[in-house]
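In the two complexes that follow, chain A is the common piece, with chain B as its partner first and chain C second.
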Partner chain A sequence: MGQEVEITSAGGQVWRGTLVPSHEMSGERIVQLKLASGYNVGIRVDVADRVVVVTPSEAPDGLAAAEAVVPRTQPRETPTDGVPWIALLTTGGTIASRIDYRTGGVRPVRQESELLAFYPGLEREGPVRIRSVFDRLSEEIGPADWVVLAEDVGRAFEDGARGVVISHGTDTLAHTAAALSFAVENPPGPVVLVGAQRSPDRPSSDGASNLAAATRLARDPRLGEVVVVMHAGLDDTSFAIHRGSRVRKMHASRRDAFESRNAPPVGHIDESGVHLTAEARAPTGEELRIDTRIVEDAPLLWFYPGLTPERAEVFVGNARGVILAGTGLGHVSSHHLSWIRRAVDRGVFVGMTSQCLEGSADPYVYATGRELRRAGVVYLGDLLPETAHAKMLFGLGRTNSSAELAGFLLEDRAGEFVPRHFPERAR
Partner chain B sequence: MKVGLEVHQQLATTKLFCSCPSELSETVTGTFLRRLRPTTGENQNLDPAVAFEASRALAFRYEGTPDNCLVEIDEEPPHSLNAEALDVALTLSFLLEATPVAEVVVMRKMVVDGSNTSGFQRTALIAVDGHLDVGGRRFSIPAICLEEDAARKIASSSGEVVYRLDRLGIPLIEIATGPDIANGEEARAVAEEIGALLRATGKVRRGIGSIREDLNVSTEGGRRIEMKGVQDLRKIAEYVTREDGRQRVLLLAQEELRRRGASAPVGPAVDLREAVESVPSGPLAEGLRKGGVVLGLALPGFHGLLASPEGSDERLGREFADQVRALGLKGLLHSDELPGYGVDADAVARIRSTLHAGPTDAFVVVTDRTAERARQALEGVRQRAGQALEGIPPETRDPLPDGRSRYSRPLPGRDRMYPETDIAPIPITAERLRWVASSLPERPAALRARLSREYGLGEQVVTQIVAGGLVETFETLAKRGHLPPIVARLLTQDLPDAVAKSPPPEPVFSVEALDAVLRATAEGRFAKEGIPSVLLALANGAPDIDTALARGNLATMHRSELDALATRIAISNAEMIRTRGEAAFSPLMGDLMREVRGRIDGKEVAAAMRRAMERLEP
Partner chain C sequence: MGQEVEITSAGGQVWRGTLVPSHEMSGERIVQLKLASGYNVGIRVDVADRVVVVTPSEAPDGLAAAEAVVPRTQPRETPTDGVPWIALLTTGGTIASRIDYRTGGVRPVRQESELLAFYPGLEREGPVRIRSVFDRLSEEIGPADWVVLAEDVGRAFEDGARGVVISHGTDTLAHTAAALSFAVENPPGPVVLVGAQRSPDRPSSDGASNLAAATRLARDPRLGEVVVVMHAGLDDTSFAIHRGSRVRKMHASRRDAFESRNAPPVGHIDESGVHLTAEARAPTGEELRIDTRIVEDAPLLWFYPGLTPERAEVFVGNARGVILAGTGLGHVSSHHLSWIRRAVDRGVFVGMTSQCLEGSADPYVYATGRELRRAGVVYLGDLLPETAHAKMLFGLGRTNSSAELAGFLLEDRAGEFVPRHFPERAR
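Coming up: the complex of A and B.
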């Protein structure tokens, strides 16, 4: 790789260029050349073709050496004596990924220096201590990682950070935000999760502006809760502040994919500054508590027409709890009543949420709901299914009693319940 | 002089990476604001053209239209490459005898001037090493590419550029020639032949802006420059000639600078407020009055080289002015045009002394609201002055309506190209090539020969029909029994005239509508001279031919009506007929024609006029 070659086909066509790694999805016997014009092309090389190496690879300028040219620096210690600083915990994801030209995918950056190269303006408003916690795409982040992150958030505040920013892949960013809402109690400053829907190797990446908005918010002493900051719309100048326990990724690719459900965002950020609503939670002044007791494996079951009770029962297995995402007001087919009764009798917690994602699960409107409630299903109001799931895992870590677990889940701990639903649907 | 062409033709398929229609729109459904940041390519180098655009730090407002989807606004990954557009590109590869690649790799060409919402233009090399014969000469075609068109620039102010998204993503075929073209006339001929080839596919968009040319020009001893977006083919010759003149003047200046042993200026920009404070009027006084800054830069050894040399309109001073204009300033003043613009000899002397500029040195002065931008502008001048010692800098230039061109940005290099990873490479299979080869359109040269043979048409009109992409319409109408010369005239003269005279939007005539017009004249309902008026009336909204005839007062005249008119004209000009005799025929015929044109055949009119004159003569 990286050599300049000249390939003469049997038909007499001459191709001259630099050998670059072929795409993962390239065909057989295809080599990829970068021509002098900058274009890459796929050339079929047959046995009869003549291949001459014109110049050998000139690393580190060659393409294969792209990884090697990433500047390798010592971990940086930002001088923070007396100056207010914030922590940036990186976990990987698009916001901290660069393109892999061979596979065509993106890979997380592993170095603080790489991140700073993407976001040169990061410290414009003050020092940022960067700590790389993981370098994973967010579909690889799970409950065990929530624990690590919660502990790191606690450590950052203990070390004196005014706020904490967590850069995270967007796929499960809302899950992690919900989890941290329950694991980090009484945060003395903002805990801001942020991501990007476009990788930072694209000029149009939303990563830089999202991160700038997030670091700005993290310095705001008025906020003391876990939130998500992402684009509010198509503009690069307006950002929504979503409560971590009420936010959901609602689009696969748009910059404004994240939406608050059941209530509007708790604030927004634009060129004029940070604007918080009355709903935004200020620091309580009480002692910060990081409670990471958790049971990692218990299911979230999305009901669908045709789901057999047998499959559902197998899926739940020996778990001590299950969150159901039921239809409408929180229903599953009455065929499921028997296994649910058996599970409840065994002491398994069964919680019900609505797969409508907005509005409350309510057992009293239809007969099915009433029967489910009688069978012991706990209706969880307007908790989002994913929020209820994360909350249940922490609840399972705190108690063995299904009744206590119900109490834990039904108690508002981080503003995850919305008592009044208004006609306007601001997201 | 060496000239190469890049022809960009929009295709009439759906867009290249989504299924939105390739149509422009005047309806704006909403706008949004974005910023772009430069990023490095796969080998971690920042391209100079990209760095330049980024230095302007603009915000971009995009206007959405009813037909835009999330792909154009960079909110959804591109869909797969439009297969029909790829087939058109492969068709061109065959027509130009080029070699297609085995696998098409879509690239991102970084462009952060906002013309692409993503910050890059997607482009792919489809075939290489073709050729084209024009006028007995062979021209090389090193590359045929398929790329997406950029957003349409609507407005621009100092901090914000407005683009409309309708044009973004329309497939463009780019055909590049080698630097084989000798002059402007030849460039035009080659461009026209490439245009005819493209239209032969029947898949190209028509109308203003649907085909655009970039010119690559270099003169003997000069360097290659790229002139972007020449829309008017007739202007190519002029652009090439003017560019040749510009490069010659720059080379002369270089020679003189070398003779003088001049060196590149080192700067820095100097504040000239004190030196020009007493200047009563002109741009500098104006700038200071508005609270701006006045900065100057000395150019050692440049004295006398900034103005135009004898016999030329080109000058180095304009090159410097272009640099500051590219950053949004109005222009600059240079020492070769001073005293002037309110700056008197004393002020010039003060400026010289502040800048430590000697008698062999030149200087430039700019004014701007912000010191930062003025400093950036003079840094551009400083660099450009350094390049003057090297001759002609490689750059991208914008063609201007008067035949000149203006600096727009440095010439981009390979560092701005990196693979579009959202799209897997597309294999060009043998089956696909066989299929494309089996459905090739007739080549323009063969087509021209056949049309003149089959329909007995002259060379010029055949060329017009082929170049205009009118072959299919022509043959359809001719095969329906209309006389070929009349159809040819309809398509190459009457129709373009009617279109030109109609208010926008451009009227579109279906083959059926044209057929109806020709049928009506063949049936004697109006004379063929009336065709332009009928077309114009139809273009202006006449629902059918009868209405068009009535509006144009074109229904065929009865012979007796014509005779009555002719007689009236003869009587009122009796004196003239008596004295001038036969010589009076032509002017009177002209009078009569004015009254009846289009309603009756010209021969009939002449006969009627003659009869009337004869009846009058004693």
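Coming up: the complex of A and C.
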């Protein structure tokens, strides 16, 4: 595994690439090569074929020969002191998964060695310290895990990392990015979440190119915020840099599924380098602070026609706060006013966002909004429902006061509000 | 009201347009004119200004002089037999609202006369029978109202309407459109839902142009399905025709907030006419059927990180079905498997959609999906969560069998599945 080989078939066709772990198909000799293009190809090897190991004579794309000889099955040494390094925190997900041909599904890659075999160019631009934090599909990652991740991000920076990459399943990648935006204050470098929509052993995998873009960005000293890096389009040459608190997965399967909502991405990465907009946040120079105080369980409730007040009230239960994803500018049927008033009266925070996922919740346009506001609902401007929810959980961990919680939620903490939508809330 | 006037200010500036009801600002003489461009202008009238009533000498844009003399305060006569007419069912919402300057908010227009005053060109292309069905902001419109509306659509066609326009608040316009797609089978003409993002007394109102496009489309004999017509962009010249079962409001306030998801619009309307794609559904020629059997209360639950199984289970309660909006390809945390299994065991239908709102729910890619499917969750392909929910409510009204309900939901009934995503389900 990890060796550079050249395979010449009996028919004269030539493939050259890095050996990566092949599928578990029994009874066949399949060799899986990662080509210089980044694509994988599975080749059925015949006795008549010629296989030449070309490592360590030369490696493509300036990859140092020694680096091509992955995997390393033992935990690797700490990079030399003084050499700039970045941290890669792995959490599982498709970016670190492979197809299991017995079941037809995807299973996680459990070992660093296997990950390095899939991503032989990982350390092309410098050392990467890999730490496996979890090994989970991202629908299994929740608020308690955000705390662990935030602490690991803090530890990486304290240990001297220039930046942190977090590989993560895409399902809840944006939720985790939003959460880390609030738990990691004043990051001294980039915190880059990255995923893949196709597992790395598939020819169409976007994992390698996303990860290469993410590690490149993580070394950029101009950025000091939590972002998501994923394909900007369907080719492998352009990657969007989304602010962690404004990004959402907007397609179940496309490689460019992630979108910045309400504002353009804060930058992009292409073959010519990293391009940041004026919106991108530089390191503040203030002290890094990891604040993981959180209440893990408080609901996010999406309104729909026919939702009964009884069902809504029982869903909220004894929670200390709830984020509503209302229709349009932030509305729910007036039948819900009574339970909302009861909740507010007993100190429950009720925050309003828009399920349109773009534009701003606004209580001043319609009678419904005014009534809800009078009932004590706090309108959260252009926060995405998911972002508002993550922010509320951290806010609940910081205060028992509903008024203080409203202040926390309405204060711009990570560039989550777009000034154009919500001028009085932006810094 | 409704008269064509020309106002010349003391300074020599000239405005010409149709008198529409003016704002309720006390102490000032404000005249509100609808200009030929469709925009409204409010003019502070001075004693020195000259106001000339030009009706009925000539009217702009080929509008018959008699038609400009609106409003008619009495219920209007049935149009002459034999003249093609369309029905306009009004339900309230911004399209039939105006700013109340005392409160700063928007209030509904309650009278047909006021509506006609706002939309003087309504009958430009032929007679329109107006019926006020409700007078509500759309967040107040739910499943019981879908039934009333479906019956009114049926009645209009039975009475001989060529097509039906439904003016509706935009908040839940798409939900109602999806519902009518399933309740109104084999419509002999277009059923066109239309709304406005700005009330008709505001200069930037999109109501007049949306309504003009909708009434134009409603006369088109080539279309026999439920659609939504709204601005395709920010100007007033192009309107998208969205299939009712695939449309969603994707911005809280923009005029082009509505988007067809998963597939392009089925047509558009511009100055040159109505343009339908090959996807647009023609009248089938089969008998119109209004099937309003429904169960009004069954939940739609959006998953989020940290949602506890207990909260999900209590939300579902005793409902006979639930639509889940899962992450990515249709996932929820495996902690939810136990309550889902219990629900399925007692005959509850559990359907899965994707909260990405584009792409298709698919249980075959990840272990999570396979587990959920084994637990009895029915994957609903590329149905929007809201569409799946409306369809489920009608399905619950038709059968007590969970298996039959799955069959109903997976059968393409109104072009709601995009064949490319879900080939085995399309007609």
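The rule is simple: the second predicted complex is superposed on the first by the 347 of 427 C-alpha atoms of A that agree within 3 Å, B and C clash if a C-alpha of one lies under 4 Å from a C-alpha of the other, contacts with A are read in each partner's own complex, and residues count from 1 in each chain.
Just so it is clear, contacts are C-beta pairs under 8 Å (C-beta built on N, C-alpha and C of every residue); 3 or more make two chains touch, one makes a residue touch a chain.
Just so it is clear, the model here is predicted, and its values are computed rather than measured.
Asks: Just to be sure I read the superposition right, which of the two partners does A:A403 touch: chain B = first, chain C = second, or both, or neither?
Replies: A:A403 sits against neither chain B nor chain C.
Asks: Could you tell me if A:A282 is touching chain B, chain C, both of them or neither one (first, second, both, neither)?
Replies: In the superposition, A:A282 contacts neither chain B nor chain C.
Asks: Between chain B and chain C, point out the one touching more chain A residues.
Replies: On the superposition, C touches more of the residues of chain A.
Asks: Is A:R254 touching the first partner chain B, the second partner chain C, both, or neither of them?
Replies: both
Asks: Does chain B (first) or chain C (second) touch A:V54, or do both, or does neither?
Replies: Neither chain B nor chain C is touched by A:V54.
Asks: Kindly classify A:G42 by the partners it touches after superposition: chain B alone (first), chain C alone (second), both, or neither?
Replies: First partner only, chain B.
Asks: Take the contacts of chain A with chain B and those with chain C, and give the residues found in both.
Replies: 103-106, 252-254
Asks: Where on chain A is chain B touching in the complex?
Replies: Touch list, chain A to chain B: 11, 13, 15, 20, 23, 25-27, 30, 32, 34-44, 61-63, 66, 69, 99-101, 103-106, 198, 200-205, 208-209, 233-237, 252-255.
Asks: In the complex, go through chain C and note every residue touching chain A.
Replies: Against chain A, chain C makes touches at 103-107, 137-143, 146, 169-172, 175-176, 249-254, 257, 296-297, 299-300, 302-308, 311, 314-315, 317, 325-334, 354, 356-362, 364-370, 386, 389-390, 393.
Asks: So in the complex, the part of chain B that touches chain A is made up of which residues?
Replies: Residue list for chain B touching chain A: 32-40, 42-44, 70, 73-77, 99, 101-105, 107, 109-110, 112, 117-120, 123-125, 128-129, 143, 145, 413-419, 421-422, 424-425, 427.
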